């Protein structure tokens, strides 16, 4: 921490700041500049209240030098974190493509879409059973019934499930069905939920809040890691800016910045970051070119009749075409897109009509 | 809802949109412009999925005409909502000034501050027992012990208590102690919490999310009102912008805009909206001049040693001076600041050292 | 300037940075922290290229300590700058209220409005002869004819004229007619124009760019002051944020922040900062309550037929009512609104129909 | 244009709006909804003052239906605009890569860099002779001497020159040397400059203002096109948001959005949009993957000693590596990067030391 004195600070004021620094068990190194004096404070300041110095007479400002997060930082773990989820590796040289509908609406919608995205090359299935909605009058999701349908889709396709959990008390229930717990953008600083997700020891897909800085994003991840749960996937999903031509502004810079600052895998959600299926393929390609470890894309077998986010959902055939383009781009950045995951034994592609062995 | 057709839309495409509108039980009125055709859609569209139209060929856009919130709107209730909280009226001609420390730290800090703000003219006491903190390593509040201290402060000063609740499962506990439940900016779209606060039937002070639009703010209030709980106070607390000279940017425009759009009382938090006690008095005065129904201000008996937000807390004497200025400004806008609330029987001003009748 | 070394910086890298600092004729003071080393650099760094250090191996960042502006800063001139413009004092205890139409449209519109704002208490007249318009197809102003009408309005009412200049080559022409040159928000960083305005030695009303930080605003003023022209009035006019309920977001915090950082007078333009005449009075009052030295308000004798900005223009009677409210608020902050400026000899109030002595 | 009546509008008020619409020679179609009435206004409203309606009693709002720009829109010219600049085609299937130093500093710096970028595959040379600088005390460029050096670099390498012009009166001078006039972000709404650039009939590279919407960006281009000059290249260079981890936020969404809305070529400047050479390659790749028609990249032969923007400049070898990656990505989107442009007769690669034939 550096304490910057005002240009007009007196030597008594400086001495008084030095005394308080020492009273905290720290050391102060003085640098006398032409315009002002600066104190370099050395020692373990983790539990020191920095604000007390800001209130002292003659102090103009404080510059923190250490980063506020630790477990999340690349200085703590210099190599990329890599971990398996139900046979799929996350954070390695293979890109992780997650796809599926915004909401789980019914059995045939979910199973049709799940089979289609598996065939196109997706490695995990997304789908919301609990939906955060701006309006209390909008469709709020199927709840546990949706979770059961997701489990059936996993059984049929072999794809691990990524689904959102919105309240701490729902973590145990959702964790019983899901392979990856998703924490949505609106809940990025819902600390009770972050604690519960950390304690669950399940992999967590954490979305960036729409007006959260990258540093706050890493601090939110730190909450989860502080419970010993290191399997966190960071997801850029667009930030809020003055521009209204798209639903959000994709912060593509966040991809290389996050890769430089943290060891955790970083993916991008082009569906929410644009809000328009016309722009999703361009931004999905951009994310991979920028170094993302994966994508989470909304795909719907019939976007026109979707109960939510139909406008930003790709049709399965457009998604398959996109995966092909990404396969080429991946080679330019030393990554690859694996071949489609094989179906579980006893299931055939697209055979969603019949419940197996019912 | 207006459906805007593309300039190149064919008459078949227009006919197809009209058919679907009618299939939903609605009526379409066509307006043929020089450049394009527009459909005015009439009927109850509350449960119609508007996005289906956006996906149709030839459709360029949709313009919603109705507002998405209802119970919150001034069109629904044209007069100002006014309600009592423990003898203090909110939303009337008298301004509601809430003051107190950011966090409850210990008994003497809380009681000293509570007595001081009462004497200066505050009508309610704020203080956090549960604190949302960006860092998992920062002070997280005293929890229930803090709630007990708040109850004691109410007993001594007669001031009703405003305190934050951060998770739905804590609502019953906090509601046992608090007179007004505060929902913080980070939780403005924590829907589980909004539901729980709505069901509690307690007055709620709802803070605007730091990157929430005014419309989203009203939608969040609508969640609470939809449970039949109409005692909601809206609180502007600064939004996030590119400017870094202050912690947040006070959206002073939000005061007259909210007063025009909703019947709910609107207050401002100059402490968080500036993040700097040097600027708090100016912005507090501005809020009242702009038509706010009240203020919530951080005051600390010893800001230099505060465990949180010391930099933005006023000393009691500076707060008292501010209340004096506000008293003058209030007259320019037809409002008033009442005299200090009398002490409960058996208590004397500033007599915080001894627990009464213990 | 502080140079922050990376945690993993080697002692060779630190030594190499120290050498380069010394090669620039500066001194480096080393502070060895637990996590990293910081160098305090002392000496005159005004002409040193700081970026060279950022590129050196082992350097994590640079923290500037000095402010980049000088003539504009309150550290340079500790008292408020105060200067007269044609008999009206700016920056003193009396508030400066500037009012008038967005654009000069015709003689009767301008003269009617000018007389009305003088009677209500305005001390200067605004009106645009050259208009910056987003669309090349919109009304671009009357040009020199507009300037002549403004001169006539000054002759009739005694009010000094504030009008915008949009290009450096127009500065001499506009300066012949205007008492104060206005530089608009879009031109805040039009450096050729800032230089020309500085050289003109005319008082300048400089508007903040809609996405400029307060520091950039002060740097733009520094351009003007660096030509020896210290008569600069800073004008907050709203910034661009994600909120769309109003045309801009009034940065009310900028008022106390600017007053703390600079000695120059600071005024607010509630017309552009809200874009809606319904909200103008509230924000005008707020500005004065927050400590502004004045206001610039759009007033139009017939807003319904205005060629530009009619929606945000006040009618004269609403403006007069506002001046009354401001008179009360001013007393709460130790300021005052003077009585209307007397008419020049030979003119009578509202006598606009006849050209005098024609 | 749609005129939205308030829910409480009376039938007299509606009739009065209809009368005024008809007085303007337009037709009003009424749509009576359950909540409110909407008027569809038909006719040529280009020269109608829309605001007059907003001021009428009972009117709640106005929704423009037509886009405010015309010549720039894809509805006006449905195919991609493509034009040659000194033998280099812009807007076709080949990507246009522009590279060079931020500022022209001296002969050897410019020529070394020019030869290096040509060899790596750049098709045009950038370099600033006139520099917009936030501080009046910073290096402001070499002026005409810089233009002469750029002309020599073109002679030696065959690369056309892109350089910034900052004031309307400098357009003729800069146009004598430059092949493409660059208008910087700070000047995007400097209308006098846009007019002068339009009249010059030179190709113009127009940078997006850092807080300009995409619509305002297209309106600024419309100013240039309205002078009959259609050779405009649009350049996204990052927007200002709350995020401070990078200098600007690259609005990557703007690439597909602009390609959908306009026929003009769209390029991206990853140097300014990130402000950090570590992130430039990732964002350059992303832009091409998203469908950009080209890039403008800062390259410096010795970034450590650059007089401006050294931190965001690539070294030539890093730039060459980037061009290789882009060549692969281009194939995924049906584009290509041509082989290096051959040297003009009589020049040899890297032979910058000797002035030829001097």
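Note that the chains are named A, B, C and D in the order they appear, and that numbering of residues resets to 1 at the start of each chain.
Following the convention adopted for this analysis, contacts are C-beta pairs under 8 Å (C-beta built on N, C-alpha and C of every residue); 3 or more make two chains touch, one makes a residue touch a chain.
Quick caveat, the model's predicted, so the values are computed rather than measured.
Pairs A-C and A-B differ in how many C-beta pairs touch across them, and the larger number is found at A-B. Among the other chains, the CA centroid farthest from that of subunit B is the one of D. Separation between the centroids of subunit A and subunit C, computed from CA atoms only, is 41 Å. Subunit A and subunit B have centres, each the mean of its CA atoms, that are 28 Å apart. Touching of two or more other chains is recorded for residues 211, 240-242, 244 of subunit D. Chain contact summary for the complex, subunit A toward subunit B: residues 46, 49, 51-52, 54-56, 68-69, 132-137, 166-169, 186-187, 189-192, 209-211, 216, 219, 222-223, 226, 240, 303-307, 309-311. Interface of subunit D with subunit B (complex): residues 2, 4, 7-8, 29, 31-36, 38, 40, 42-44, 63, 65-66, 75, 211, 240-242, 244. Taken in their complex, subunit D has these residues touching subunit A: 211, 213-215, 239, 241-246, 249-257, 260, 273-274, 278-279, 282-283, 285-291, 325-326, 328-329, 331-333.
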